[in-house]
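In the two complexes that follow, chain A is the common piece, with chain B as its partner first and chain C second.
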Partner chain A sequence: MLPSRKGLLTWLGRRRWINWIPSTTYLLLLFYIPIAMLMYYSFWRYLKLFRFEPALTLENYLRFFTSPIYTRVLLNTIFIVGVAMALLLIVGFPIAYFIARYVRSSADRIILLMLIPVEINYLIRIFAWRTILGENGILNSFLVAVGVIEKPLPIFFYNWFAIVIVTMHEWLPYVVIPLYISLRSIPRSLYEAAHDLGASRLQTFLKITLPLCKPGILTAIFIVFIPALGEFAIPALVGGKSGYMIGNMIENQLLAAGNWPLATAASVILLATSLIIVGIMVKILGMEALYR
Partner chain B sequence: MSVRKNWSIAKLLLGGYTASVVSLLIYLPIFLLILFSFHAKAFFSFPFAGFSLRWYMAMFEEEFLFRSLGNSLIIASIVTAAAMVLGLPAAFTFASLRGRKKDVFIMFMAVPFVIPWLLIGVASLIFYITVGMELSFLTVVLSHLTYSIPVVVIIVGSRLLTYNIRLNEAAMDLGADQLQVFRKIMLPQIFPAVAAAALITFIWSFDNFIITYFTIGSDLTFPIWVWSSIRYPKKLPIVNAVSAIIVIVGSLIIYLLHRKGLLEEII
Partner chain C sequence: MSLKLENIHKFFGHITALKNVNLEVNKGELLVILGTSGSGKSTLLRIISGLEKPDKGRVLINGRDVTYEPPYNRPTSMVFQDLALFPHLNVFENIAFGLKIRKYDRREVEIRVKEVAEMLRINDLLDRSVAKISGGQRQRVALARSLVLHPDILLLDEPLGALDMKLRMDMWVELKKLQRQVANTWVFVTHDQHEAMALADKIAVINTGEIQQLGTKDEVYDSPASLFVASFIGEMNFLEGRVTEVKGDVLKVETPVGEVEATMQRVKGRPETGARVTVGIRPEKIQITKTPNDCINTLSARVSEINFSGVLTTYELELPDGSRIKIQTTSRQMGYRQGDKVYISWSPEDVNVYVTQ
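Then we have the complex of A and B:
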C-alpha cells in the first residue's frame, strides 16, 4: 500500500504532464523560438538602415571575421573578461581560504556581507566608481597628496582597466562562494597528514589545496565569464575607447546602425562562445554542476 | 607550539586582507555614493563641500522617478508570481526524473540561465518586432520570465533532490493523506528554497537593466530611468540620492530576511 519513493515523486512530478508542459511551452515560445529567429536573421542580407531581405548568406559572418575592427572587438572582449577573471580568482582565493579555514562558523554572515551590496542597484554602482577612478577622484587625490604624480591624471577611468575593476566589484562574491564551498569540503586531516609527512606550505598548497579546489575554480569561471562576455552597460559607462566590447557593438548595430543581420551574426558568435564554455564545463564537472 | 603561532599570524594576515579587499572593492564605491548624496554641490569630487539634503528634496520633483519605481515594483511582482506558478510544478518534475531524461530536462531549462542575458534582450526585441507585438511592460515581463522560470526550477528542484522522502512515508504510515503530507511535511521543508527563489527572482527583475533595455519600448522602469538620467550632471546627484535610499532599504530588507533564516538556501 505504501507508495515507494519513486512512486511519490512521480505523483508529484512525471505522471502529471500539467507540471512540466506550461513551463517548457513557455520557454519554447518565448526563448527558443526568439533565439532561432535571431539565428535566422543572421543569414539575411543587409540592404540599408533597418532594411534587410531574407536570404541564406554567410556574408554577415564573413564581414565579422574579415573585418579587423570586429574581430578585434571580440578578442578585446575575451581579453578584458579574461584579465578580470584571472584577477578575481587571485584576489578571491585567499578570502575563500580565510573563511573556510578560520571563520567557518560565521561564513554565512561574511558571505552575506559581501553579497548584499552587489545585488542592489547595478547601474549607479558602476557609475560610483568615477568618484574613485575619475580625474578628480580619490585615487588621483591620493597620488597627488603622496607626491607620486604632480597633477591628476585622466588615465584611470574610461578605459578597459576600469571595466576590469568594476567587473571585479560586481562578481567578487560569486567567485568567493564556489571557492569557499570547495575548500570547505577538504578535510583538515589532509593538511595535517601533509604537515606530518614534511610537506612545506607551498607543497601542501600545490598538491592538495589547488587540485581539490578545481571544481570551485571551474564553477566560478562558469558563473562569471559568460555574463561578463555579454556585458554592455559597464563598458558603455566606464569603458571609453579601449573598453569597447562585443555587447556594445551588438547594441549599436541593432538599435543605431539598423543592421540586424550583422548584429544577430555577432550575437550568434557570442552565443557560440558561451555555449562552448558551458560545454567544456559540463564535460569536466558533469551535468550536476548546473544545479548543485 | 611554533606551528600554532604561525597559524595565528596567517589568520591575522588573511583576515586583514579579506577586510581590506571587501571594504575597498565592494564597500568603498557604495560608501562614496551615500556620502555624495549629501554633498552640497552637484559634482562627485573632492574636497567635500559640506552636507546638504538638497538632492533628497529635489527627488520629489522628479515625476518620472516615482512612476519608474512604481513600474519596477509592479513588473518584479508579476514576474515573481508568474515564475512561481510556472516554475514550481516543473521543479517537482525535475526532482522526479532520472538519468538521461533529467539531463535533457535540466539542459532545456538551464540554457536561458547560462547564456549572456544580452542575447535574451536582443532575441526578444527581434521576436516581438517580427511578430508585431508592441514593446511595453508586457514584453518586459514576458522576457524576464524566460530566465526567472529556470531560476525557480533550479533552486527549488535542487532542494527537492535532497528532500528525505521517508518523512512522507512516515507521515502516511501515521495516517496522513497526500494533501496533509504536502502541507504539513513537505511545504515547511521546501519553503526556504521557495522563498529564496522568490527573493532572487524579485531582486533580479527589479534590478534588471540589460533585458529591459531592449524590450521596454517607451515605458520606464527604475534602472531605465537611472540609465537615462545618469549622464546628465544635473540629474546625477538626484539619481545618487535615490540610490542611497534604495541601497540602505534593500540591504535592511535582505538582512531582516536573513535573520528570519530565509536565506540559508542561497549560500
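Then we have the complex of A and C:
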C-alpha cells in the first residue's frame, strides 16, 4: 500500500537527517572528492611527459620549495595581488563612503551601474585594456600628442602593473558593495556622537568609521584575494615577463610540461597560501571583536 | 546665564523649523523642552550642541558666542535618542572615548571613568560589550560617556524613549537626583508631558517651531499661556463663549451652558465685550455637589461615567447642552451613581480664558 502524502511528510519530518542528503551529496561529489583527488595526485611520481605513477612521495613539494623560480613566482603572485587589493580598498572606500552617506536614495541604481561592466565578457574586458595601455593605445597617443614623450613607449603594458590595473577593474564592484553595506549600517548618530565627544573628522574616521567597516573590508578580501591569487588569464594576456603568476605556472605544468604531480602540488600550496593569508587577515582585523 | 538663545531661526528648504526662539537657562537648572514630534525640539537641541547651525540668531554659552563653533569646541555633551553607543567598543572604552580624544593620561582616564561609573552604578559592567547589557544599562553608559567630560551643559534628546513605563519612572527620580548631584545645566527634550513634569525646573513648550511658553512647572500648569499649552499639558475642560462684561478684575463669559466668571489675571490677551473666547478649567479644580451652592460658576449636570483608577476617580458629566466635562478627585466615596443629577462649581481664580479670533 502506498503511504498517504501526509503520512510521507510525517515520516520525513521524523527523519531530519534526510534533509542533509542532497546538499551533502552535491558538496561531496563536486567539491570534496575533487579536492581530495587533487591532493592525492600531488603525491604521485612524475616519470616523463604526461606519464606519472601512483606513489606517496613528497618530491613534488620539495621540488617546488627548493626551486628558486617557483617560490619567486609564488611571492611575486602574492605581491601583485596584494598591491591590487590595497589599491582596490583605497579606491573603493571613498566610492562606497560617498554612496552610503550622500546618495542614499538612489544608491541601488549606482551599484547597478557599477555592475554593468561585469556583465561584459571577461576576455573582451581584458583585451580592451590593450587599446588603452598598449603601444598604440590611447595613453601613448595622448602622451605623444601633448608632447610628454616623442614616440609610443611599450612600458604601460605587459608588466605586473598592467595586471594590477586590470585586476582592479575586474574586482572593483565586489570591493565597493561589501564596503557600502558596512558603511550604510553605521547610524549617522555615531558620527555625531563622536564629534560631540570631541573627535575631529579624522579622529572620527580612524576610531569609528574604519573599525566598524572591518566586516566589509574582510568580506572584500575574501571575495577578491582568493580568486585573484589563482588568476591565469590576466597575467597570460597582459602580464608579460614581470607578471608571471602561479596560475600560469600551474597551467604550464598541467598542459605544456605535462607534469600533473607538480601542478597539483603547486595548487595545494596555493590553496594553503590563500588560507594562511585569509587567516592572517582575520587575525589582524579581529572579526570576532564585532560579535563578542 | 549658562545658556542663552537669541532670535534663533532655522529653515529646511521652505519649511521653517524654528522661528524666533529665545531661551535663557541659569546654571544648574534643568530645562525640559516639551513638544510633539516635528515641533522643532530636537533641531533646537542640535543647534545648542553645534550639530546644526542656525540660519539666524546667536547661541551663547557662559556668555561666549558659540553659534558657529563645531560640536567639539563647545562645553556641551549630548545623550542621543538612540544613545549612539559605539558597538565596537566595550563599556569602559565607550565612557573613556571623550577623555582619550582629549589626550588625558591613562591613570586619569581610569580614575574618572571609575568615578562616573560608580555614580551611575555600572562599575561592574565596565568590561562588557555594549551589545550585551540591558536597555536601562545602555542608558546609563550613554549618560556616563557624556558626564565623564564634566560638560557645562548636558543635552538629552528623549533618551528614555526605549524604556518601559516602570523603568522610565525610576529613571526620572534618578536623573533628577543625578542632576542635583553634578549641578550642571541640563536641557532635556521630550514629547511626554509626564516626563516633563517629573524632571523639569523649567519647561519650554514648543509647537511648530515657536516657543509657546517658558516657565516653571507651576506657571505652565496653572496658567498655560496659550490654548495649545493648555491642551498639551495635563487635562483641561474647554467651553466656548462670548465676553459679556469686563469690569475691573472680573470678566464674564456667556457660554451655551450658563455664565462663567473669571478673574482678569488668568485672562490671556485683552478681550473686549463681544469677543469670542475659550474658557479652560482643570478637571481637579471642579467641585461636585448634590445640591446647588451659592457660588458663582455653578452649573447643573448629569453623571454619565465614573472611572476609578487607583489614586484618582474620574467623573464624566453631561451638561444640559449635551457637551461633556471631566472632573477628577482623590476621594473615592462620594456616593454618586450613573445618571444622578449633580451640581458642579469652580472658583473664578481657576478659570483660564483665551481669545479665539
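Quick notes
Definition applied: the second predicted complex is superposed on the first by the 252 of 292 C-alpha atoms of A that agree within 3 Å, B and C clash if a C-alpha of one lies under 4 Å from a C-alpha of the other, contacts with A are read in each partner's own complex, and residues count from 1 in each chain.
Just so it is clear, a contact is a pair of C-beta atoms (placed from the backbone, for glycine too) under 8 Å apart; a residue touches a chain by one contact, two chains touch by 3 or more.
Being a predicted model, the structure only gives us computed values, none of them experimental.
Of the two partner chains placed by the overlay, only chain C lies in contact with A:G198; chain B stays clear of it.
By the document's definition of touching, of the two partners only chain B reaches A:Y122; chain C does not.
Contacts of A:S189 after superposition on the shared chain: chain C is touched, whereas chain B is not. Within the superposed three-chain model, A:L285 lies out of touch with both chain B and chain C [touch as defined at top].
The larger set of touched chain A residues comes from B, when the choice is between chain B and chain C. By the touch criterion defined above, A:P227 lies against chain B but remains apart from chain C after alignment on the C-alpha atoms of chain A. When the two structures are aligned on the shared chain, A:L212 is found in touch with chain C, with no touch to chain B. Of the two partner chains placed by superposition, only chain B is touched by A:N136; chain C is not.
The contact surfaces that chain B and chain C form on chain A in the two complexes overlap at residues 195, 290, 292. Within the complex formed with chain C, the residues of chain A that make contact are 187, 189-190, 192-200, 203, 207-208, 211-212, 214, 289-290, 292. Every residue of chain C that touches chain A in the complex is listed here, in rising order: 49-51, 70-72, 76-78, 80-82, 84, 86-88, 97-98, 101-102, 129, 131-132, 145-146, 149. Of all residues in chain A, those touching chain B in their complex are 2-3, 5-6, 8-14, 16, 18-20, 22-24, 26-27, 30-31, 33-35, 37-38, 41, 91, 94-95, 97-99, 101-103, 107-108, 110-125, 127-132, 134, 136-138, 141, 165, 168-169, 172-173, 177, 195, 222, 226-227, 229-233, 237, 247, 250-251, 254, 260, 263-264, 267, 270-271, 274-275, 278, 287, 290-292. Those residues of chain B that touch chain A in the shared complex are 3, 11, 14-15, 17-18, 21-22, 25-30, 32-33, 36, 43-46, 86-87, 89-90, 92-97, 103, 105-112, 114-120, 122-127, 130, 142-143, 145-146, 149-150, 153-154, 157-158, 161, 165-166, 168-169, 172-173, 178, 203, 207, 209-210, 214, 223, 226-227, 230, 236, 239-240, 243, 246-247, 250-251, 254-255, 258, 263-264, 266-267.
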